[in-house]
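Chains here go by letter, A, B, C, D, E, F and G, matching the order in which they are written, and residues are numbered from 1 within each.
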Amino acid sequence: MKSRHKRLALVAGGVAVLGIAAALILNAFQSNLVFFYSPSQVAAHEAPHDRSFRIGGLVEQGSLQRQPDGVTVRFVVTDTAKSVPVLYAGILPDLFKEGKGVVAQGKLEADGVFHAREVLAKHDENYMPPEAADALEKARKAEHESQRTLVMERAKETPK
Amino acid sequence: MLEVRDLACQRGEQPLFNGVSFDVSAGELLWVEGRNGSGKTSLLRILCGLSPAEAGTVRWRGESIHDAREALLHDTLFLAHANGLKDDLTVAENLRFDARLAGLHASAERIEAALRACGLRERRDLAVRYLSQGQRRRAALARLWMAESRKLWILDEPFAALDAESVDRLAAHLGAHLDAGGLAVLTTHQEVPLPAGRTRRLRLAH
Amino acid sequence: MALNWFKYSSPQTFYPLAGRLIPVFAVLAAVLGAVGLYIGFFVAPTDFQQGEAYRIIFIHVPAAWMSMFIYLVMAAWAALGLILNTRLSSMMATALAPTGAVMTFLALWTGSLWGKPMWGTWWAWDARMTSELILLFLYIGFMALQASIDDPRRADKAGAILALVGAVNVPIIYFSVKWWNTLHQGASISVGRSPSMASTMLLGMLVMALAYWMYSIAATLMRVRSIILERERNAQWVRDLAGAPA
Amino acid sequence: MWDAFVAVFARDVLQAWRRRADWLTSIFFFVIVVSLFPLGVGPEPALLRTMAPGVVWVAALLAAMLSLPRVFGSDFADGTLEQLVLTPHPLTVLVLAKMLAHWLLSGVPLALIAPVLGLQFGLEGGPVGVLFAALLLGTPCLSLIGGVGAALTLGVRGSGVLIALLVLPLYVPVLIFGAGAVEATVAGTGAAGHLSLLAAGLLIAIVLAPWAIAAALRIALE
Amino acid sequence: MSWGSLDEFLAMGGYATYVWGSYIVSAVVLAMEVVLLKRRHRTLRAGAGRSSQQTDNLA
Amino acid sequence: MWDAFVAVFARDVLQAWRRRADWLTSIFFFVIVVSLFPLGVGPEPALLRTMAPGVVWVAALLAAMLSLPRVFGSDFADGTLEQLVLTPHPLTVLVLAKMLAHWLLSGVPLALIAPVLGLQFGLEGGPVGVLFAALLLGTPCLSLIGGVGAALTLGVRGSGVLIALLVLPLYVPVLIFGAGAVEATVAGTGAAGHLSLLAAGLLIAIVLAPWAIAAALRIALE
Amino acid sequence: MLEVRDLACQRGEQPLFNGVSFDVSAGELLWVEGRNGSGKTSLLRILCGLSPAEAGTVRWRGESIHDAREALLHDTLFLAHANGLKDDLTVAENLRFDARLAGLHASAERIEAALRACGLRERRDLAVRYLSQGQRRRAALARLWMAESRKLWILDEPFAALDAESVDRLAAHLGAHLDAGGLAVLTTHQEVPLPAGRTRRLRLAH
């Protein structure tokens, strides 16, 4: 009898502790545990200072410039709210395109330019034939320019 | 109080024993005999719930030991081939922790008395690693002198490595335990003066 | 029905049953695989952003799904074996592990071959990939643990505990892309949302997933038959198999 | 029950004290592993500072792991484990006492020493404090998770390295969040998230690990 | 979707290494698993036969 | 004598084969330890490349060390060590056989697998070859030096710290020259100097260590 | 052939024994008696050169064992409290390596014969970890059946854990050894049928 009470108390205690653990985990997702930071986070000084980190977002339309040396590129990473200019010398992945997702590793220098050492493409979970994509794009443009569905939206939402 | 029915045990691919049944009631001692490897140790471990049996039931105070494991543990003291002593602790320390853990009443005087009964008083502050083989066994056995609350003693070769004097002392103590209504199940290959009249034998033929 | 269950939970009756089931699943796997590959290579269109490279999806996703699913099934069988002490459940757990490890390896391999052209890297230590790598280590640990314990009953129980402890990892793999922002993209298919994928692509992927599933079942049944023979090699019925063709 | 908890705990601590050479070695090992890196990698301060949290944590992982086989191994060999299982108390509670002793003797010293090592690597006050806190939260996880591995491999052929194989993958999250906490502080992004994940992991481990360990021990003795 | 030619098919739009690397390794690994499983089962059946024959001889 | 040498060697190898899970896992251990560093330190390629030689060497040291307690520990516990000492053959020769077996089972596999790990960390062909050569020369040193430590730790209480103090400083040169050889190749200055120092160390260890181990074993048994 | 003069041994702070002198000549057996902890094991270890003595000399074939260590080792077989078996190896493997190492002649047939003599033939391929306590002791003793080349057997509690049948077998084998001109020094607390007439006793009083 007594030992049953003991065991019950142990189990109840265990469940309570697990509850606290769940609360802590939820709390943790309020803060930023991230593979990369968005330009908004960089602007809000949530990204690391004086240190290499990853920045993720979309390559802004029309921002890609190739430098005369042929290897160095400049582009702007944006999450539509804020944007950060990036400088990179090296091979770009095949999926690297204007308007598409990108994750760059490097350091934010004092001049406000992000000097990237590695650039990875991040794409979305949509798969469709090119014709369909074109059609979709046209329809969307016609509907409203401002309503662009953004690849990085989900990433932005995550911390919430 | 201890009822065993149709116990079977298998090790490796061969059955060790089959259909072992016996009863031990208060004040009785069961001497499990058998050649080396006949399954005595295996039987004892099944009795105190350390190993599962292939088949059969063990009942203690009328209840299966699987359902009433705690009741069994409250009443049982098991001594294995290994002594269960920490080499780095002294004899007295070993005894103290051991008793507290087992829920035995372990005041300093009782420990002192147990040590005296086992002839280890002079070694009480010596680390177990320095003891001789027989002294170690005695240290492990000292527990028996603090274990009146334990009705059922399960002892695997308790007389191993003991000198003649210690053997007699232990045999006498076993007698006292039975007198007080205790039970014991033990194995031994030696010829020892087990309490006459109250000792039953179980031979595991292999 | 209940009676049936008990009947087939004995290795002796399960062995021939498995023998009869294997061809069924093997044929299903082959047919579905052929259909899936046909759809994948000849029906499904090129992807608008990844070009032909996306065709790895037809083997990456099934392997990744199976790697997680098999672990869960394995943990469930192991738990069943631990609680009910049924021999067959534990054998099923043991039989699932190598196939699970193979699936995990394939998910890692194809993922990394996919990542190089698309993302620009073979490997990144993001949550999805790291947790999938841990899954591989868990499978290997499970197999190594069981291999180093001689007594099969002990091996089963010890493995069961490890499998249960490791099961925490599976939801982490699955939800990692939701919880953290990873390099790996999110799910294309999830409950309550229409798939963000052209329907022929989706069809190909699902057919291939079914093929992998059938393959896994067939492979596991084959392995469990071997395990039964090993463990029961002294039972009369196994000895009676001697002359009979395998 | 409480009495038995204290008895197990006190016995393990006393034994460790008698064998203090053993656990001093594992602490020493920690210090040496960390100090070896500047020798191997070169003395550039920025590089060292970047590496510091990772190196300290990896060393802590390895040091915790090295002491694992002893946790139940010696009890198993000398027969005390059997006696432990045969007490009328819940085995989970006794196991918790053993793990507490293990943490006190292997985890706490690491947490106490690590700040000094962090300073040597050029970390500043803030990150060093977080390193300390993270280790204080993380090392008991290491002990508990490691305990499961140690119990599972008890009496098994070649247990030493098998433990590593079983336990290290499970250590990875602790490593990531532990090192991540320090790195986040250095980077100025705050370590609260990492630390609360570590705390959550610890709580889960406290509830689940003793159960798994107790089951594994019973199996080992069968 | 139809491919212009076999070469075009094999080239996989320039991603041949990656696509075929994935597919071939997957096929080989899965095939190997099956082969090993079959062999294991076959030797076991043979072994079962041998050991029972041995006992027969002894008996 | 030769027969006894072969007998000891064969027994150890056979025992390891029986425990093959053990040394298979010891390779996994090595791999896992090396893979832990990117997790702790962060994934920057340049940083990883710089760290690679040091990390691989530290991991090799640990893997070798983990298996050391077993070399004599189990022989000591089960009484076979006594029997070894009581054979009429020179103990140094028997010890050498044990160490050879240990190296074959723990050192050689590491040397074989290290190049793959080096490639993962972004090292190129030349440095990887040197890494292999350096490990092939260095791991027997680790076995022999470690053997002295293992023999000294047997039985004698309170010696643990002393051993750590004695043996780890002896490991450090192996580590420095081993990692140094690879770094020198990366830097393009040539590894010949480092490698010949390693070879010299190995020869010295082969001569001195068996003698020291034999003496330590005799003391442990007194 | 074995001459011991004025041997003294100290453990901790107290002397264990002093001035122990005896001779054992070919065909004789010395039974060292004494209570637990009286120093029997310590004495045996001194005899085969494992521990140093506080004072006194041990001579084998007329030479001090310190000067002619190798000669002693060539002639001696020592069996300690511990069995000296590898848990992971099978019985046969243990025996084979052990014999080769000790320089005993260890053909497959001899090993087989030794195993048969010890009643372990059926367990020959079982890893030692699965043996029962008595079977382990037997496996350790199997060496004696391959050790004719060893004149001097030093056996510490060889009868421990053995069943009655094995005890008789070992006693008979000891007799044969003495008949062949061998010597033996052993300890035991059990009443065993040691070869009559050729057994001398040494009592370590403590």
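The definition used in the following text is that a residue touches a chain if its C-beta (ideal position, glycine included) is under 8 Å from a C-beta of that chain, and two chains touch if they have at least 3 such contacts.
Since the model is a prediction, treat every value here as computed from it, not as a measurement.
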item	value
Shared interface partners, meaning chains that touch chain A and chain E	C
Higher-contact pair (C-beta pairs counted), C-E versus A-D	C-E
Chain centre separation in whole Å, for chain C relative to chain A (CA means)	31
Mean-CA-position distance for chain F and chain B (Å)	45
Centroid spacing, where centroids are CA-atom means, of chain D and chain F in whole angstrom	25
Length of the line joining the C-alpha centres of chain F and chain G, rounded to whole Å	37
Residues within chain F bordering two or more other chains	18-19, 21-22, 25, 28, 32, 39, 42-44, 77, 157
Contacts with two or more other chains, residues of chain C listed in rising order	45-46, 51, 53, 117, 124, 130, 137, 140, 144, 148, 150
Contacts with 2+ other chains: residues of chain E	none
Chain D residues within the chain F interface of the complex	18-22, 24-25, 28-29, 32-33, 36-37, 39-42, 47, 50-51, 53-55, 57-58, 61-62, 66, 77, 157-158, 160-162, 164-165, 168-169, 172, 175-176, 179, 183
Residues on chain C engaged by chain A in the complex (per definition of touch)	45-51, 53-54, 57, 117-121, 124, 126-127, 178-183, 185-188, 196-198, 201
Chain D residues within the chain C interface of the complex	148, 152-153, 156-159, 162, 165-166, 168-170, 172-173, 176, 208, 212, 215-216, 219-220, 222
Complex contact set, residues of chain B against chain G	11-12, 34-37, 40-41, 81, 119, 123, 126, 130-135, 137-138, 157, 160-167, 189-191
Complex interface listing, chain D residues touching chain B	3-4, 6-8, 10-11, 14-15, 18-19, 74, 77-80, 82-89, 94, 221-222
